[in-house]
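Have a look at the structure below before the remarks.
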């Protein structure tokens, strides 16, 4: 059974509390349980950190054995070359996801350092963005 | 049953012939048939044109009655404000898709006029990008 | 009696349906009839197309015999050097008009390829922008 | 009867003397008398100053009681955020006009600080630009 | 005998009428007849359209069988990624030509989307630019 | 007792009238009286002008004898190198203040010519910005 | 009694050691004790970290219960969108402070990611910048 | 005998007081007397104002009768299109001078709006810059 | 018989040795002999130098008597305003040629200082670029 | 005996695993042992972390007592002003090194925040870059 | 008697032949003789070269003994950091002169690498620019 | 025994005379003798020229037989694509060195055309930069 890590970056622990008009009012832990039910054919793990370097560490740790990573790096998407280097340094395929459509938001959220080193990008579908990413791994 | 239009823009009629290292060697018509089989709960239609204004016309024609549009505008993605205006002028939700990961390609393919007026964006998964977009409409 | 073409470009066929908060809810055909009444001393014609090249064709066709053109090119204003070349290639004077004040909208609507080759520009007065342009031809 | 101020900014007192190939050789005072004749249904006033702050003062003075302002700010169009703030701080609607088509001239004349806070813009019709602006107020 | 398409884009049907100081006063049809006489060893065809997508269609149609294309895309040179994609999607070699020396004209004519996907570029020699392009195919 | 000038630039005479959602609805004169009460240990003076050069003149006049200046230059903050030169030419220390948080407003309000020649900057606290500036002089 | 956190970011633990010509030679701990004496009506807390994600964590922890935060993020001011997102995700008001006048220093210190999400900004007054920020909370 | 106006703009009344390391410590009035002695064959006049619009007024007043103007506009050099328009609107030739070598100073002092409309530019020679400009008029 | 100079700039003496995948492996001297045979109706001369100023000297020497110059300036194409000035200072017409299609290479090779002062440009045809240029002179 | 810290930043723990075509396939620990042998006259220490703030902490800890630091910050080189501030805040001299020639790689790797605060830079020599840096300290 | 070198750079040997509408039709040698007559109190020498490095050599040769240099570097003004370094490396003061007003010409002639290292700049007075520069040395 | 050329570009003959605060006061010839002593296992040669094209000539001459080049091109580093092309056209490996840390100096010295075609770069160590470069060749 394929093993997949869902990895959330900075401030995403606030989901359900922060700016609900943008991110909805449901915690990610709730949603993760639902995903596990929806994808019984995938072994799903979850990791979150607000520290850029810890996200790098986690990618190093699982990035040569897991079958895929679904990564929402939050604001580090726009500032972290370190995460991009980590992704290109590992062998597990990574999908970049965003809850909101970042292109409808501030200019500085339109550029991602990660997109060029990920398999693909899924953004703007709310929490559904994660589900669609998992659909890709299921199919594949 | 929800009605969905899959709409391909300029040069996408060459799929299967053109630059197979980038786009694969399968025609879109073949793939469309497969999608119809995979999504029996969606009424799928297909339209392709190389002419920007005809794509606008089609969006006007179906954009107040269909339940969704999956749009790969090809190179017009990067140059057409007209298409963006058409999308924001209609009521059907539109998903932007790309076969290749445009962020791994030339600089001028990194900006999309369409993203800010679409629901969301899915890119980089090969023809699977279309399937994932349909998954969104199925769920919803 | 001077002959004038009012020419509307891409998406302007949606007037009355699309984003009424921006464009009002009246169709252009209605308004055109009113203009014909207001300007009995001008022979007014109307043309609309969503296809850039057809707008060019129309300018070629009437641009050596008509006494003036009132052009709202919609989004092609911002992307079409081809239309600008067509305007500078014909002899009929062209006035650029816009319904909304484009300078209050997105950054990419602030630049016009057409302004430098038109006689003048009138923008921001709603449908009145067309009437003011016709006033210019009447006077003249 | 609506009260309208025509307000000319810097260097426009030179009209009729300066660069006649660009601005024509008629003084604005002459033209103003003609406008008063043409618009007997409007009470027209005229003000000119070369000092940015005096233009601001005048806008403050009449900007809560007049029915409209027709403003040609000359070179301050391109450099004065102060005038833009004054316009957005008053309640009288302001129309920006220019005698020449500024988009056919130097690059630094293509940007206006004022456009985004005015009702609309009319430019390129020679002195007729002022008449067209008054037409708008007459109609309205 | 090699088959070559000479393809003219937007506004080039005006040759002989439009801005003769820039483009000369001879129609392209005349010149095409002369070229057929000068190159009896080449089978020459001619196509012109003002519609970007029709130019793409024509390239798709002949681009896998003709021995070469001489393309003057007019203003689409500077705005059309779609044409560039079409050129890189076909197998016939394409030469970009321009009648005028575009580097002596406006800044926005200095950049071409097409140059990087064409075999070579010839510009500035008036109608002779086409002849020199054909010399290349003859030799080859 | 230290002598301090509070100096307001262009459009700030409109305080209490203009855009109350941004600037509040209290006149500066009212507030100035309150400040005099709050700071009995400072001799406070007040000056306002809409004319850039008069602000320069005032700085020259008092800038070698006063103990401090609290300056809100309004829109001249963003366009006036002349004011910056005046500040660096005098010996009295100047504090730049703004009522609103200019970084939440339009892009062109994010740059100040004055900051680099002032002692410090205080912005975003409404009229309290002036009070905090005076606190600095009191302490000192 | 209002509870306020003073939070210092990267390298600010070096205060008193590092570049004394810029930052003075007093440790922040000393100064903090003095502030506690000066503001007996505020409950003051202090936190410092060199790790961006730990600053985010701290903001999450106290940002829904404290009455205010005085934040000097050091160099993260100029590079961290993550901190800006954290500030906009919490409910406690945050004031951005800087010891030096960053506009007198290198170009890259002139832009702050944080200013647009803070209540206000106070900079350039040495350690007094913190005191002035607390004055704001006291008053309020 | 040729009549020449020496015209100083904003902050130049501070000469002799302000930043003597940059501008020297001699007042311009002193120097003007010396120039009158050195150039008995020129009728020299002097004007200074800190108000941009007054400088424009003065140019209008003398710009059709004097034989030349030596203009040091101070900081308005870098921000005033209005002064440039005034210079190009009059017939007297204008020479731009600067006391300091502006290219050794801040970046924003490297661009002049005035240079393109003046006869020539002389900068960097201290007060001698004025003398060299007068030499030009003497010779001529 | 028309006299034509073929002039090669910096590093082009390495032709046949350097980066053969880009420039082919034939020396220019060989090719020059072939050109002399192909164009018996032109008197061809050849000059090469790696020193920018010597190329200028040569243009001065022959630029008032020769009937044409075919110039491949190598890297000086992108950096030398001096060569552009030399070309515009002489009366012989100059054609700019490049062996490779510079638009397929690094960004800094996309701009030429020379194009705006040459008759025309031919690039991308390998050594054939020189032949096509001579064809132009033959015809003419 | 001089004490030197070799400090590796983010992702450099992957050396030997990651992108061997760029970084070679030898772990840094191996190489470090070799360096200790080669430089018996230097006391060498080694530290690696993926967390930006921990690198700052380490610099603070050893930066007032060690005789030198050889720093390869990895991707933080291009994004971290915090590290640059830490380097300029300590007294130990720091040499910036890179294994690959960053100027042959992506554009965003061409700029370093660290270079301006380091003694010098050595890059492109593979692991030898570290050895050359140590040679500098040995000599000195 | 002060010794002064007048040094002309690239293409200035063409004076009198080249673009007389810009540079006049008098050779520099003629003018130099006249200058020697006008300045009997200065020992004048003249040097011209089209080779950048020879100009550098000449500056090294005379730059520690001559009392001044009047330098018109022609196009090298805009491209040569080497000449700027040579000027800052010698002790003789250098004045930058230009015959034409470079600010009225192409954009790329508006920036000078030399201005920041010269004493001052004199431009736009035709050949008189040299005379004015010598006036400076005479006085001094 | 490996043969290495040390090659100095423009203005470096002034070492020991010019700006000693930046470059020290020792001539390069002195230092070269010392290097010969320190590296008895390398055959060292030295070449210096101020003429860009002569540096290119020298690289062509020795660049297919020498074992390495240590190049300090001086100001040509920042302006010469020609030198970069020469380096990539030869087979001897080239190391770029600089005496000063160019990233601590003016902005225009931060970019090198040469870095992307050299093996590596060593800068900022004073004359030691040359020694470290030779260490690399020795080892290798």
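By written order: A, B, C, D, E, F, G, H, I, J, K and L. Residues from 1 in each chain.
Operating definition for what follows: contacts are C-beta pairs under 8 Å (C-beta built on N, C-alpha and C of every residue); 3 or more make two chains touch, one makes a residue touch a chain.
Quick caveat, the model's predicted, so the values are computed rather than measured.
> Treat touching chains as neighbours and tell me the shortest step distance from chain D to chain E.
Shortest path length, in steps: 2.
> Between C-E and F-G, which chain pair shares more contacting C-beta pairs?
Answer by contact count: F-G.
> If I list every residue number at the interface of chain D and chain F, are over half of them used by both copies, so same, or under half, so different?
The interface of chain D with chain F is built from mostly unshared positions.
> Distance-wise, how many Å sit between the C-alpha centres of chain B and chain C, to the nearest whole number?
Going by mean C-alpha positions, chain B sits 31 Å from chain C.
> How far is the middle of chain H from the middle of chain K, if each middle is the mean of its Cα atoms, in Å?
24
> With chain centres taken as the means of their Cα atoms, state the distance from chain H to chain I in Å.
Distance between chain centres, rounded to whole Å: 48 Å.
> Out of chain G, which residues touch more than one other chain, so two or more?
51-54, 79 - these are the residues of chain G that touch more than one other chain.
> Could you list each pair of chains that touch, in label order?
Every pair of chains meeting the touch criterion: A-B, A-G, A-J, B-C, B-E, C-D, C-E, D-F, D-H, E-I, F-G, F-H, G-J, H-K, I-K, I-L, J-L, K-L.
> Name, in rising order, each residue of chain I that touches chain L in their complex.
Against chain L, chain I makes touches at 10-11, 13-14, 17-19, 49-54, 74-76, 78-79, 108-109.
> Per the contact definition, I'd like the list of chain C residues that touch chain E in the complex.
On the chain C side, the touching residues are 51-54, 56-57, 60, 64, 79-82, 84-86, 88-90.
> Once bound in the complex, which stretches of chain L touch chain J?
Result: residues 101, 103-104, 110-112, 115-116, 118-125, 128-129, 131-132, 135-136, 139-140 of chain L touch chain J.
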